[in-house]
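Structures are listed in the sections that come next.
What follows is chain A paired twice: with chain B in the first complex and chain C in the second.
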Partner chain A sequence: MHRELRSHIISLLAAGIRLDGRKLAEYREPIEVENNIVKTAEGSARVKIGDTEVIVGIKLEVGEPYPDTPDEGTIIVGAELLPLSNPDFELGPPGIQAIELARVVDRGIRESKALDFKKLCIEKGEKIWMVIIDICPINDAGNLFDAASLAALAALKNTRYPSFDGEKVDYKVKTDKKLALEKMPIAVTVIKIGDKFIVDPDTEEEKAIDSRLTVSSIEDGTLCALQKGGDFPLTMEDIDKMLDIGIEKAKELRKYL
Partner chain B sequence: MTYKQRIDGRGFDEARPIEAKVGVIKRADGSAMFKIGNTWAYAAVYGPRNLHPKFLQDPQKGILRCNYNMMPFSSSGERVRPGGSRRSKEISMVTEKALLPVLDLEEYPNSVVDVFIELPQTEAGSRCAGICAASMALADAGLNMKDLVCAVSVGRVADKLLVDLDYSEESYPNAPVADIPIAMMPNSGKITLLQMDGEVKKEELMKLLEMGKKVLTDIYEIQKNALKEKYHEVEE
Partner chain C sequence: MSEINVKDKEISVPGETLATGMDILPGIGTYRNGEKIVANRLGLAMIEGRTIKLIPLSGRYIPKTGDTIICKVIDVGFNGWRLDTNSAYSAMLSMKDATSEFIARGANLTQYYDLGDYIVCKIVNVTSQKLIDVTMKGPGLRKLKGGRVIDVNTNKVPRIIGKQGSMVMMIKEAAKCNISVGQNGLIWIYGEPMDELLAIQTIRKIEKESHMSGLTEKIKEYLEENRRKN
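For the complex of A and B:
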């Protein structure tokens, strides 16, 4: 479908350059993380990577624990691909794209143990905190995966518990108690086009990708979640290189938190 | 029962602080942001573009389609469940009716102009903020327009008539309250949105419309300045 675009991109990449003049492993500028931008949320952040802009808001609700983990709270990640943010998005219940985005962000946070779920327990078997993370793109100019997971982490970092008297949550009163973040999982999506690897694809590049690998890693380089996408397979060598790029670039992104 | 002074210290005829900007969403054909107090709206316009499903097409003219949506974390209480509610559907419909009179869509048969309104944060007056943002976004999209549309709520708390009610006033305890969102085409002075809940006398309502008109004139200036600012930047 985008064969000409793809071959144009490939010929540029052979010369070490991207459509917008960037180098292969270079994020767009500026990258901005703004904290606490939504007063009605318990935690929030807006992340801009180039023209891509995502808002993440966190609500805390009291609920019942799952029967198999009676002393653990939980997280719920939702993503809505708002038709406001991209001419190709349509109204309606989340499609597979939105579901994948939410699940990739969810896994990065859940599997890295960024939140100690035991600390979200209020009363064993009865009451737990549910941390609800909602991802809302404002302008989708590419790479929602990385922008959303960075915004989710920033928002978790500034989340404060609302007042809770054992019966009811009073959302009007925020306490000083913060969510304890134990780890900083950062997602970096590495794209393969032809035999080259790039990060932070823009809208045009996203149309032309062969495959992608979203690599979530924590501070010491330990991997905590992966997601391969795209229609083409990857060799072992590809994966080796993509993981290196993912871990390396995560260090850069982590500085914005 | 008397409401002596507004809880946040404003005058009774005074709106909350307003901030407005256009061109905030690059992928859209037109876009705007409108903040009034703690209520914050984005609007994006896409189109005129092909309309699907086909049976909705009008061979005589283009249609306007609006969607109002609160982000899940935008309410000061519990999380708002995603997906439309009856309330958001009704607001989408009245928003459409509030904006339609300023548009001329006869040039665009079988097409649609989509307006998406998203609210990251709300504290009363969200449909009015959405309409203000949407009318700026339509202008930013370069559509033919007869006028802008400006919107604000007016109302009554106990014995006082006032403009731009905030949440504490909308839910003022033990006193009669009326909340009346209005939208106006500022050049003709015609009203394109009028809703009300609460209780108010006819004479009071007419007085409130006059009070609203004054504030809407100020909002019109803010909207115009925001639009000019974008094109000023382009000139530079």
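For the complex of A and C:
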């Protein structure tokens, strides 16, 4: 479908420049992180990367633990791709794209052990805190993965528990107790087009990608999650290079939190 | 007695009463509601004698016979192509309007225009139901190879083209790019990477500052300034 666009992008990349004038491994400007923008949520954040804008809200609910992990809380990540953010998105049950977005964010947080699930336990086998993370893209101008995981992390960071008397949760009263965030997993999506690697694709570039790899890493550069997408395969060398770029760029994004 | 509520070239919003009185006539972008003349859309109100019209500042493209537009092929059928016109309605390019070549019965139409290709075509007819017929026969109508297509506000297209194409000529010369402007707000640009960027930045600047006076001079200066840097 986008052969012309792809070959044009490749010829530009060979000259070391992207469609909008950026260098290959450069994020769009400005990157903005705003905290506590939703009053009714326990934690929330709005992230802008260029024209892409994502809002994430966190709710804390008391529920029953899973039978196999009676002393652990849990997280539930949901993403809804609103039609207002992109003309290609439609209302209805979440599609493949929305599910993938939610799972990539979920896996980054879960596998990095950013939240200690044991600390979310209130009463073993009876009551636990469920952390519900909702992702709402407000404008999709490319690279929802990175924006959503950055927003989710920012929101988790400023989440405060509501008051809980052992019976009922009073959402109107927030306590000073914060959700303990142990690690900071940052996701960076590295794109391969032709034989070049780029980060932070815009809408045009997303149409022409060969493959993508979302790399989640924590402060010391330890990998915690990967997600591969796109129609083309990757070689071992490709993945090595993409991991290096991903970990390097994560350091840059971490400054905004 | 009639009364005009707006000044010449004043910005009006939809629903705004521009004038009252039966001896004033509604022009393009306005309608009559009883005694009142009301704005249909966001635009600049122009008073011309007894008529009031609006020059639109926003809104999608509305197809008009005779417009040269840039379209994307979205479907290949048995006897023609369906095109996305960047408006609410899609256009039909029939086989006989597509090329002067002989096309054998049952030939593979994708060898002429394939899915996702961009073409420059001309609207020959728009029915009352907004069914659009386009042709590829005419000077400058062709398939676009290479380069990229950008989207601009349709209502700014006249400013981007300029008087007798003066503005777009200026950009073409300064940025050393091939540029095709479609009336539907799609613009095709092809050149060296940095030149393409300069052309796009200039077009975005025109889009943003199109309502200001002395635009041509400003753009000329902008191009001079930025050309030296490259």
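Please note the rule applied: the second predicted complex is superposed on the first by the 257 of 257 C-alpha atoms of A that agree within 3 Å, B and C clash if a C-alpha of one lies under 4 Å from a C-alpha of the other, contacts with A are read in each partner's own complex, and residues count from 1 in each chain.
FYI, contacts are C-beta pairs under 8 Å (C-beta built on N, C-alpha and C of every residue); 3 or more make two chains touch, one makes a residue touch a chain.
Because the structure is predicted, anything quoted here is derived from the model rather than measured.
Participant: After the superposition on A, what does A:176 contact: first (chain B), second (chain C), both or neither?
Facilitator: In the superposition, A:176 contacts neither chain B nor chain C.
Participant: Applying the touch criterion given at the start, work out whether A:8 contacts chain B, chain C, both or neither, answering first, second, both or neither.
Facilitator: second
Participant: Contacts for A:85 in the overlay, against chain B (first) and chain C (second): which applies, first, second, both or neither?
Facilitator: first
Participant: Report for A:220: first if it touches chain B alone, second if chain C alone, otherwise both or neither.
Facilitator: neither
Participant: Please name the chain, chain B or chain C, that touches the greater number of residues in chain A.
Facilitator: Ranking chain B and chain C by residues of chain A touched puts B first.
Participant: Does chain B (first) or chain C (second) touch A:204, or do both, or does neither?
Facilitator: It touches chain C, and chain B stays clear.
Participant: A:138 in the overlay: touching chain B, chain C, both, or neither? Say first, second, both or neither.
Facilitator: First partner only, chain B.
Participant: Using the superposition described at the top, list the residues of chain A that contact chain B and also contact chain C.
Facilitator: On chain A, no residue contacts both chain B in one structure and chain C in the other.
Participant: Provide the residue numbers of chain C that touch chain A in the complex, in ascending order.
Facilitator: Contact set of chain C toward chain A: 115-118, 144-148, 193-194, 197.
Participant: So in the complex, the part of chain A that touches chain C is made up of which residues?
Facilitator: Against chain C, chain A makes touches at 1-5, 7-8, 12, 15, 17, 19-21, 204.
Participant: Given the complex with chain B, which residues does chain A contribute to the contact?
Facilitator: Residues of chain A touching chain B: 37-41, 44, 51, 53, 55, 57-59, 61, 78, 80, 82-87, 91, 93-94, 132, 134, 136, 138-141, 169, 171-172, 203.
Participant: Once bound in the complex, which stretches of chain B touch chain A?
Facilitator: 24-28, 38, 42-44, 46, 49, 67, 69, 71-79, 82-83, 114, 116-118, 120-123
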